[in-house]
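The two complexes that follow have chain A in common; it is paired with chain B in the first and with chain C in the second.
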Partner chain A sequence: MKFLQTLSVARRTIFLSLGFMLVLSVVRLITNANDITSSGTISSTMRVATPILLAGLAGLWAERVGIVNIGIEGMMIIGTWFGGYGAWKWGSWAGIALAIIAGSLVGLLHALATVRFNVNHVVSGIAINILAAGATEYLSIIFFKGQKGGGESQSPTGKGGYGEFDMPFLTGGRVGSWRSPDILGWIERKHDLPLLPDLAGFARGLLSDVYVPTLLAIALVPLTGYILWRTRFGLRLRSSGESPQAGESLGVPINRLRYQAMAVSGGLAGFAGAYLSCVFTSTYRQGQTGGQGYIGLATTIFGNWNPFGVLRGAILFGFPTALKFRDEKNVPALLLVVAIVLVVVAIISFTRQKQILAMGLLFGSALSATTYLLVDEVPQEFVAATPYIVTILVLVGAQQQLRPPAHAGAAYRAGENH
Partner chain B sequence: MKNQRLQRVLVTSASSLLAVFVALCICAVILLITGKDPIQAYSTLFGAAGDIKVLQGTLNRATPLMISAAAVAIGFKMNLFNIGVEGQMRVALLATAVAGAAIDLPAPLHILFCLVVAMATGAIWAAFAGWLKVKRGVNEVISTIMLNFVALSLVAWAFKSFFTADTAPGVLLVKTKELPPSAWFPDIVERRLNGMFFIAILVLVLFYVLVWKTKFGFQLRASGANPGAARVTGVNPKRMVMISMLMSGALAGLVGMRALLGDVHAYQNNLAEQQGFNGIAVSLLGRNHPLGIFISALLFGYLGEASGRLQLEDIPKEITTIMTGIIVLAVVIINEAVKRWDDKRIQHKAALALATRVVAE
Partner chain C sequence: MSENSESHSGPSAVELHGISKSFPGVIANYSIELMVRPGTIHAIVGENGAGKSTLMKTLYGMHQPDEGTITVNGKQVQFKTPTEAIAAGIGMVHQHFMLADNLTIIENIILGAEPTDNRGRINFGAARERIEALMTSLGATFDPGTNVSELGVGQRQRVEILKVLYRGAKILILDEPTAVLVPQEVEELFETLQRLVLDGSTVIFISHKLDEVLTYCDEITVMRQGTTVAHTTPAQVDRRTLAQLMVGSDLPDPSGRETKVGEDIRLQVSGLNVASEIPGAKLALQDININVHSGEIVGIAGVEGNGQFELCEAILGLRPKLSGTISVGGSELSGSDTRTRREMGLSYIAFDRHREGLLLDSPLWENTFLGREENATLTVGPFMKNRSIEADSRVIIERFGVLTPSEQVPAFALSGGNQQKLVVGREMASNPKILLAAHPTRGVDVGAQSAIWDELRNARDRGLAVLLISADLEELIGLSDRILVMFDGHITAELDPVTATPEMLGTYMTGGEIVTSL
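Let's look at the complex of A and B:
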């Protein structure tokens, strides 16, 4: 584990993914649940994970500048509505653009309340969630009711047109009008081999049938990392989240940065919402977000306020749902994955002289493995609750490793508390 | 002293009223922009106040709001945010529906038994969040949000897998086994106003006595106002967190009882939905004071009850949800502004007094 800590976060993400793939590969060979590493599952995971990733990044931008954003869910709801409206009138890209603008405005409202008026961040977030739910329901009745295909709680079908992407040669994408060979697909079907088909499936999942908005969302991960950790703007922005008084004394315009970061945060949440209403599906539906804004918040914590960590969290939280979408029967295999991962973590804790923790983990592992042997299917409610339970466990077990921005959520007014 | 206190009460009430007024104005603008007549909307909305049925419905709707607002407020009093009232309520609903139907008791005892079960299960679910905060330093906002979703999933699963009763063919709505009539909380006005209203009033009165008239209440408020000073005077902050979380959870367990014991008499999906969340808005508008909570609960109850009439005029009733959101935002913004203004006024007064003394000397 010392070794892992010497790596950069990006490399650690790759290393951990490889390790996880190995575990999945072993489980696949044992259980014959070929779908758990198929390219279909991986690309489905990416689709499910995209809105969670965007919501997680929204939480990251807000908390890094020092503002707790419970309103992500509300901003996402606004995003789904405006995404649905734009997609219906002009097409998906217009929907996404409109949702980002609308989300930003709501983000700015949150900033106005918390920065200008010094309102408690959680209270303002709750108000925004109530407001967003009411506003979208109201607007739907005004704009969608009575339209062809629309109604009180859903928009007419959008025009589509966001585009998909297939990599030529590796996954059979087209070059001009010629269909190139699908090399990864060929490897993936060799199910008897260990690891190789899994890696091929993984790579193929990432490179075939990819929605272009998903690619954009993934590109935002290194971009966020670059902006926040490699630019002057980012350094100042993070100083606002760590110690605004110190930043202020050096002439950093804290309040302006907070407005800017909240506009970005709201825009990301709006994008997340639009992804649901005009990419993942083609209509806005009331209640479409279903708490994904809160999963995003959980991802921010799980990812330790780091963009690559958020990506890891989004994929981890999206994976069980995607697997369930593909075929319910594959979900129990995850229990075996959990069992193996817990054993690995137990061994690590044992070498670190944390015997009690290790025993607990082994017990959990045994429990998980026994459950696997006993049940045929995992109830969908358990799949739905996984992100929240994992986050609670992380908060319980890894509190020492978590490092939230020191000043996130605290009251601050320029020129005071010196 | 007395004068100052009166002044403060007036300022507080005025700022809450102002918040409601601001929300009404903003909603009027929204109505205008979307092509509806705000005067017609408000005369319909508030014209319903003369109807006795609407007033009974208002009290009925205010019942769970008062209890959930009290649950939230008891946390707020020491800067503890229990966003998990919804989840605690949900766990308590199923547990009470199942336990209440499994047992046979004479009427008043049966109701009492149900209320105790509800309070106990609500408190147990809240205890997780309290434990996480005290032992692990986990922020209660995050943990209660997460626990809400866990509760939602857990209850949905348990209900579906173990506790659905056989329904008559053709009935789509699944429920748990119905509670025996001895567990039904009696109505004050048949089908319109349930007796749980009195329990809600009792909760608010006890809340007042506990927070303002007991040693525990003093410690609670002290921990909220100045945790450092409270600790120095021997208040154990961890113990306070745990106790207030347990009490908040116990009240949260009661929130759904009007719907369960007074109305449906069995658990079903969506029973009492959102009533835990709505308490947050009521508590904020009521400034965490029992009287304020009572009045705000009446206001929100009235909006919910009268909003149905808007639809007859082809105005979406969701405008009242928007109103709720704006009221919450407006009330906290105005409170902050008033506090700032008040601080300045006091500073100014003190400076003036000092200056005149210096001059006099």
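Let's look at the complex of A and C:
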């Protein structure tokens, strides 16, 4: 595993994705569950993963500046409401814009509490979650109740127009009125080959039938990396999360940075919410976020506070959900995937002399594999739980290497250096 | 103040007149007079709590003085923030390093003064070039692309100095820079500083170690109880006079014993192996054998990070061992937890009083109670007897001369030296049989040092077995009955303190060999 550690995170992401595709390819050939790597599944994964990715990036921006943002869920709820409102009044892009602004303001509120008044970060975050749930309900009563299609717990249907996108020549997108060939689709249907159709499916999934907001969200991954690691603003922001005293002693305006980063964090969470209420669906519904803000925060940790890691985590969470959406017959194949992944992690743990952990992982793997062999139909609930089980196991295996910002969540007052 | 510096022509690098600064309830500085000539290493000496750090923070713009004037290079100035001080060419190397571990050396250095293009993108190439040039002039060798977390103490300090130089500082303030260094590193530091002075910089050097001040500095200003009491040069004073100026009394001496080492072995460590925290790395401790008799002080010399910390943790049961035995008074400790071990008479003065020794945000009385929850005079069943604990705390505070308004103030409000006295007091209060003392007098002024040494000696004479880990080689040589040197997880030498010298220890500590055997 030394080799993996020498790679940059972006390259490691590509490397790990390829490895995972290989596992999926093997499972596909064994089980004939062709859909597990089809372009449909992949594009569906991306759709499901987008809000988690955005929430994860929101967590990353906050924690990198040193603030724990448990309030992402609340900021997302605010985002869903304002997204729904904007989409209903003016269209979905307006909804997204409005949600980003509203989310930023809530982010600034969290910053005000934690930076200015030194409120415990978790307490403030939880307050925001409760506040957001209550406030949106109240706003719905004022604005949506009595409107056509609207009510206390949902908005009237929004105007569509988020835009979908197909890449010409590779996935059959249109150039003017001419429909270009669908090269990746052709490869994807050669199901007897190993790996190649899977990769084609993967690429086609990313490039066909994509929501433009999803593309924006993915573009935010390298953009975040660029800003945080290549610019002055980013370096100062990270220093605030690592050692605000060091920054302060060099004249870095720590508090101002924290407000700025929290505005971005809130804006991203707002975007995530708006995605749910005006891209993924076209109505705001109460409880629409369903805890995805927390899952996003988990991907921040899982992704080791790195944007590419967050992307990885979001896809990991999105994949089983997408499979379930498409066809439940795929689910048993997932068991086999889990079994193989656990074996791989177990081998890695074993080489790190963590024998007990490795044994535990192998046991889990055996359990998963036996279930696959004995059971024809897997209960739905299992699918919903899979990403969390996998995450816990992977986090246990990976926790040695996780490196949170040293000062995230700690109380800080300018001028105190003890 | 002597007037001999008046003969110098041109403005002083720094002049402070009548500076006063008080905090709620405390007058930290009053009527300070300081004059630093350009191109010199100017030492400011004084005990902990004499107000040296407060004064330097005033000069560096971290807070504003209540009264008085600051003049830099002949111009009167008022710094509202460190940034303004930096702009005026003043740089500060803090006592506690201000470095972000998870950022690279380059990132730490350029932070706040990043070379960027007009879109805010950092020009890392230019930064590296500039830093490497400065490194050459300092004689530093490390890759500026590595994370600071991978650096040792001496190198971190070099990074702090680079940070200051990178900002074009011509006047450097170093706040007790040698507190964390071994002798060889101290020598290297002063070589670096002398190079800087030759290049035209001015160094203000805060210390309470008289030897290095007398050896390396050009001028000395002495502070006592919040004000400047004398200005002199190494040529005009000797160690004794300087000490008297500083504390009004003689310097303490760690050595001296009348009693004999006991016969019985209190602490026995044999064949101890402990794994490293990094998987796959070599062992943190390898085949360690130590016996400490009753009434004996066994010193452990070593550069920090060579296994001393792991040794203490293994003895305390905080870290699993791979093999070997640890016994206290003849009974093996395997399987017993830390609480049991403490009840058997183990006591521990921790390496880092901030991380392990104290609850910084808790009042002193809670801190002195820590680890003594089983003490029958301080508790009733599951309940704490707060009155008794507070009274007990006051006793410790008085006996160890902890300077504090009361036992109710939070621990972070004390100076480092007073915090240390409190920790030592707590550990001695439970009348231990064996004391693991890691750097018991680190960052402590001479008065407190003398008090702590007295306590250690008295306890030893009463039969206490002490494992003394220290970076202060004089302390090791003076207090110990035997000195073991740890290097790279091994015990590489056993020396007799009567014949050992700091230079010999330094050689062993850095992995060197001395041909003549003892």
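Please note the rule applied: the second predicted complex is superposed on the first by the 397 of 418 C-alpha atoms of A that agree within 3 Å, B and C clash if a C-alpha of one lies under 4 Å from a C-alpha of the other, contacts with A are read in each partner's own complex, and residues count from 1 in each chain.
Just so it is clear, a residue touches a chain if its C-beta (ideal position, glycine included) is under 8 Å from a C-beta of that chain, and two chains touch if they have at least 3 such contacts.
Given the structure is predicted, the values throughout are model-derived calculations rather than measurements.
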{"item": "Superposition on chain A - do chain B and chain C clash or fit", "value": "clash"}
{"item": "Touched chain A residues, chain B compared with chain C", "value": "B"}
{"item": "First, second, both or neither for A:Y138, with chain B first and chain C second", "value": "first"}
{"item": "A:R403 touches, of chain B and chain C: first, second, both or neither?", "value": "second"}
{"item": "Touched partner set for A:P379, first chain B, second chain C, both or neither", "value": "first"}
{"item": "Which superposed partner A:I301 touches (first chain B, second chain C, both, neither)", "value": "first"}
{"item": "Contacts of A:D166 with chain B and chain C, given as first, second, both or neither", "value": "neither"}
{"item": "Which superposed partner A:S124 touches (first chain B, second chain C, both, neither)", "value": "first"}
{"item": "First, second, both or neither for A:I392, with chain B first and chain C second", "value": "first"}
{"item": "Stretch of chain C penetrating chain B in the combined three-chain arrangement, among 362-370, 434-442 or 452-460", "value": "362-370"}
{"item": "Touching residues (chain side chain A, partner chain B) in the complex", "value": "68, 70, 113, 117-120, 122-124, 126-135, 137-138, 141-142, 291, 294, 297-298, 301, 379, 381-382, 384-385, 388-389, 391-392, 395-396, 399"}
{"item": "Contact footprint of chain A on chain C as seen in their complex", "value": "62-63, 81-83, 86, 92, 94, 96, 98-103, 107-108, 110-114, 116, 119-122, 163, 279-280, 354, 360, 412"}
{"item": "Residue ranges of chain A in contact with chain C within the complex", "value": "230-233, 235-236, 238-239, 242-243, 245-252, 352-354, 400, 403, 405-406, 415, 417-418"}
{"item": "Of chain B, residues touching chain A in the complex", "value": "30, 34-35, 81, 83, 132, 136-138, 141-143, 145-147, 149-150, 152-154, 156-157, 160-161, 277, 280-281, 284, 316, 318-326, 328-329, 332-333, 336-337"}
